[in-house]
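Each of the next two complexes has subunit A plus one more chain, namely subunit B in the first and subunit C in the second.
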Partner chain A sequence: MFTIETGSGFWNPIIWVAAMVIAFLVTYILRSFGNKSYKKNTEQTKVFLSGNPEYQKEKMHVKADNLYWGFTESLKGFYSLLKKVHTGNTGDYILWFVIILAIFFIVEVI
Partner chain B sequence: MNIPEYTPALVVAIPLLGAFLTPLVGRVNDKLRNIFVILILAINAMLVALLSYDVLVNGIQTYIFGAKDLSYPIVRILFEVDAMSVFMAIIGSIVLLVAVIYSWAFMKENTGLDKYYTLILLLTAGMLGMMLTGDMFNFFVFLEITSISSCALIAFRTDSAESIEAAFKYIVVSAIGALFVLFAIALLYGQYDALNIAALSNAIQYTFLDKIALVLLIAALGMKSGIAPMHMWLPDSYGKAPATISLVLVSATLASLYGALRVIFTLYGNVLSTISNSGIPLNVSIGWLIIALAVVSIIIGVIMALIQSDFKRLIAYGAVAEIGYMFLAIGTGIAALGTQYGETALTGGIFHIMNDAMDVGLLFLVAGAIYYSTKESSLNKMGGFARNMKYTTILFIIGFLAVSGIPPMNGFASKLLIYESTFMLNPILAIIAILGSILLLAIFVKVFYSAFMGPEIPRFKNVKEVPKSMLFAMGIIACIIIFFGLFPELVITNIVEPAKNALMGYSGYVSQIVGGGI
Partner chain C sequence: MDMLELSEIALRVIIGTLCVAAFGIIFGLLYKGIDRKLSAHMQGRIGPPIIQPFRDVRKLFTKENVVPENAIPWIFNLVPMVGLVATISILIYLPIGGFPPIISWAGDLILILYLLLIPSLALVIGGFSSGSPYAIVGAQREMATMIAYEFPLAIVIITFAWKLGYKLNIANTFSLATIVGAPVWNNITGPLGFIGFAILLLVLVIVTPAELSKIPFDAPEAETEIAGGLLVEYSGRNLAMFYLTDGVKTVVMASIIVVLFFPYNISNMLGLESYPAYTVDILFYLLKVFLVILFSVTLIRVAIARLKIDQIVYTYWIPLTLMSLIGLILVMWDGTITSLLGLT
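Moving on to the complex of A and B:
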């Protein structure tokens, strides 16, 4: 009911869940040994930005477009090619269909 | 249990009848109309469940529309329902039922809902017809019903020019795809004087015209399934349709995928190992062509999803990658036909069809829930929703973990089978598949952070959780995801393996009709 054979191994979600529960318990126990000197609503909880003033909360939120900036920047060339291909033009959509049709014809028919 | 022999016909007839009755019921009362549509689809889901039980216990079921006696000139259409058909019908009926439950609150403020529900029921009839029919021309007719109703539903929000444009693109792509399907059917009919899939499969010789028909069918149905690079209509349509329709479109797209599977494994089942012009067996050349397109789909899907800022468009690109996974498994199954890992790949691919419908479907509903509460679809403007929309956040986490293939969700079980089997064919394929999943996780972590985490945005301070009916609809899918994740063997043994065996055992499908006295 739980175990699937993959051909070279197996997968049992119950074992995985049990392992996760044990890992959580171990983490929780380790955490309980931590420093208890934390005090709410004191200087300890204030944000420190190298002495700079803190921005408004909503301005601190990183926008979706800025996440993974490094990744997209390093693949700039590839992205500009992909964006060029995605023209939004229905004629181009059909052109891709014709190209794939042609490849299938060359391989399977001719 | 005695299941009536006309159940396959009822599965299509009930939503069709319901579609024509819906505007009449809508005249009485909006609430009554909503209850009526939910009832119709609930009854239909029960019929699909009964039919599935019958097929899984007693084998292939057929239903004849028209002449039953072979001694007269035969004018008739056959429904031939095997385990693969019911597997797809189960997905379709669950998705459609969830979509109408969700629609109750989600579409409440819209006008023209009589038309909306009528089109949904028409789409249901078309989609289930595609899955149950044993006739190629009938398949084409149902494909057209599905396409036209889908197009109208994509354009449902007529106040948005983008919706109309997306619908236009969809109908152009669908019409051209359907035209090529019809042309291929004409080629087969011209040669063999038959339209029945089993009769055609028995007669097929793999002539020059058969090769052309095969190529046309695979390319056209591949485009309708959204495989790259013929996927570009998909983000437009999924992104601009109402969230419920995006969910429904996922299963309509999978119906085309089913069509492609039926063509390759059943229609051309007895010639799959024929040596093609290139000197290699047909299954190997077709399999590798499909694998190549699948790899392109995974790469383009995840890479393009990463730069999207529109929530639904991002999910749509994720769906392109997911379609890539299904085709990767199917391509591997075809290329490695007759091997153990080929069968494992097919099992994984078929299991992933169901998982994809649930995982991507849930994410679309979450996107819809956020739009419902905030009227916002740009991820750049979102933030902090986890504070006010706790249940939606939990449902999103379930959806994104499942679609990224994180254990113990259902997506992991099917993807694991795909990774291991593709590794046996070529390790590079498995590496691409795993990298694709990692990127999918990264993409949805981005969504999670930008939409749900972070400080409270003043504009969204008063955002409230969505109504209970919407949470209930999303909850149904989330429960299925968790259940399939925790009990993968149960699902595989009872519905996935029989579907795979039905697909591979084309002779059983053929002998039911040819020589079976029907």
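Moving on to the complex of A and C:
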């Protein structure tokens, strides 16, 4: 009942949700044994910055594009090639599109 | 479906989830203790006692549960539980201790791959919600690591599906019951298939420490550099939840490798039946999980220093992706040498 089947695989979301609810109850009960108190509005709730002072919130912001640094740095040879091709000229992009279509066409004919 | 069948399923899900939760947490912490003890001995230290992780959790429960002033409190408190819940839910789809999965018909390997993402995403969301620059840097690194290791991991899974579905013509190729019923090593016809699956095993062993944020792939936490990264602001019972998630996920990842590559029981070979057979199979399963953890977590983290995030991405996207593709091609060519030589 309610099992989604693809022929290669299957999934029953109802069963998964039921299992998640039970696991959540177990986790919630387990967590409730822990100490829930802390001292609000004290030094304790300040962000840990290895002893450095905290500047304005806006200045402490970590840019989202840092996420891509690992990729751009490790594959910089590939990205430098892509940057050269990425001219911003629509005519160039249409030319690339036509070239790729031509390659597909030739491969199909062969 | 009648009421009797429905109530049987409900009972199975309730009791099964409770049992796997207890199993995952207890053995997760136990294996964590063994891992710490062994790695300490490998580094010439005495190390903590094996039960130290249990003491750590007990101590964390007594500590204050600080919510930083920059945090979004409800997300900050919720995600540690979400991570543990998702990890426990994976265990109900996995064959544990030589027994079939509790609900083998309700989920396959693709579902497990998706569920494996949830604990990592919980860490990422928890990091972002902390409002700490260290945690945000850690969360960004965790996201980059996730994107990096998913590619070779997906190729390993696809190879299994191709082998079972296309080559052996078996239905439900992503089903764990199907995979356990047709062990890969029994279905290879030549040396290429053996080498191919050995390469894929190696790839999965190297993916495991990244899934678990262990050295050398622990850049998202990197205590000496970003003071714990995503977990820097977590303390008390919230940190205990992430600690437990790590333990359970270690059992999950090791169990996946056992299921895919070593789904064998020894009770048949020993001619055992009933309870002695169950006992021997459970012990054998625990031994297999231990060996997988030893090779994929303990030995690697003792032998190699932490990689930078660009090195992690490079490792997974270039050498490991190429290795997994070579493994896939060798499995596809399995049997060609023997058929060329006329041995089949």
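Following the convention adopted for this analysis, the second predicted complex is superposed on the first by the 104 of 110 C-alpha atoms of A that agree within 3 Å, B and C clash if a C-alpha of one lies under 4 Å from a C-alpha of the other, contacts with A are read in each partner's own complex, and residues count from 1 in each chain.
In this section, a contact is a pair of C-beta atoms (placed from the backbone, for glycine too) under 8 Å apart; a residue touches a chain by one contact, two chains touch by 3 or more.
Model, not experiment: these values are computed from the prediction.
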First (subunit B), second (subunit C), both or neither touched by A:A18: second
Subunit B versus subunit C as contact partner of A:L49, first or second or both or neither: second
Partner chain(s) touched by A:Y28 [first = subunit B, second = subunit C, both, neither]: second
Contacts of A:G88 with subunit B and subunit C, given as first, second, both or neither: first
Contacts of A:L67 with subunit B and subunit C, given as first, second, both or neither: both
Which superposed partner A:G7 touches (first subunit B, second subunit C, both, neither): both
Contacts of A:K39 with subunit B and subunit C, given as first, second, both or neither: second
Touched partner set for A:G77, first subunit B, second subunit C, both or neither: neither
First (subunit B), second (subunit C), both or neither touched by A:F97: first
Contact residues common to both interfaces of subunit A (with subunit B and with subunit C): 1, 3, 7-9, 11, 16, 57, 60, 62, 64, 67-68, 71, 75
Residues on subunit C engaged by subunit A in the complex (per definition of touch): 1, 9-10, 13-14, 16-18, 21, 60-70, 80-81, 84-86, 88-89, 92, 103, 105-111, 130-134, 136-137, 140-141, 143-144, 147-148, 161, 165, 171-175, 227, 232-233, 236-237, 240-241, 244, 309-314, 317-318
Subunit A partner contacts - residues on subunit B that touch it in the complex: 168-169, 172-173, 176-177, 180, 208, 211-212, 214-216, 218-220, 222-223, 229-230, 232-233, 236, 276-278, 282, 285-286, 289, 293, 300, 303-304, 306-307, 309, 340-341, 344, 379-380, 382-384, 407-408, 412-413, 416-417, 420-421, 424, 442, 446-447, 449-451, 454-458, 485-490, 492
In the complex, subunit A residues that touch subunit B: 1-4, 6-9, 11, 13-14, 16-17, 57-58, 60-65, 67-68, 71-72, 75, 78-79, 82, 85-86, 88, 90, 92-94, 96-97, 99-101, 103-105, 107-110
Parts of subunit A lying in touch with subunit C, wherever the complex brings them together: 1, 3, 7-12, 15-16, 18-20, 22-24, 26-28, 30-31, 33-39, 41, 44-50, 57, 60, 62, 64, 66-71, 73-75
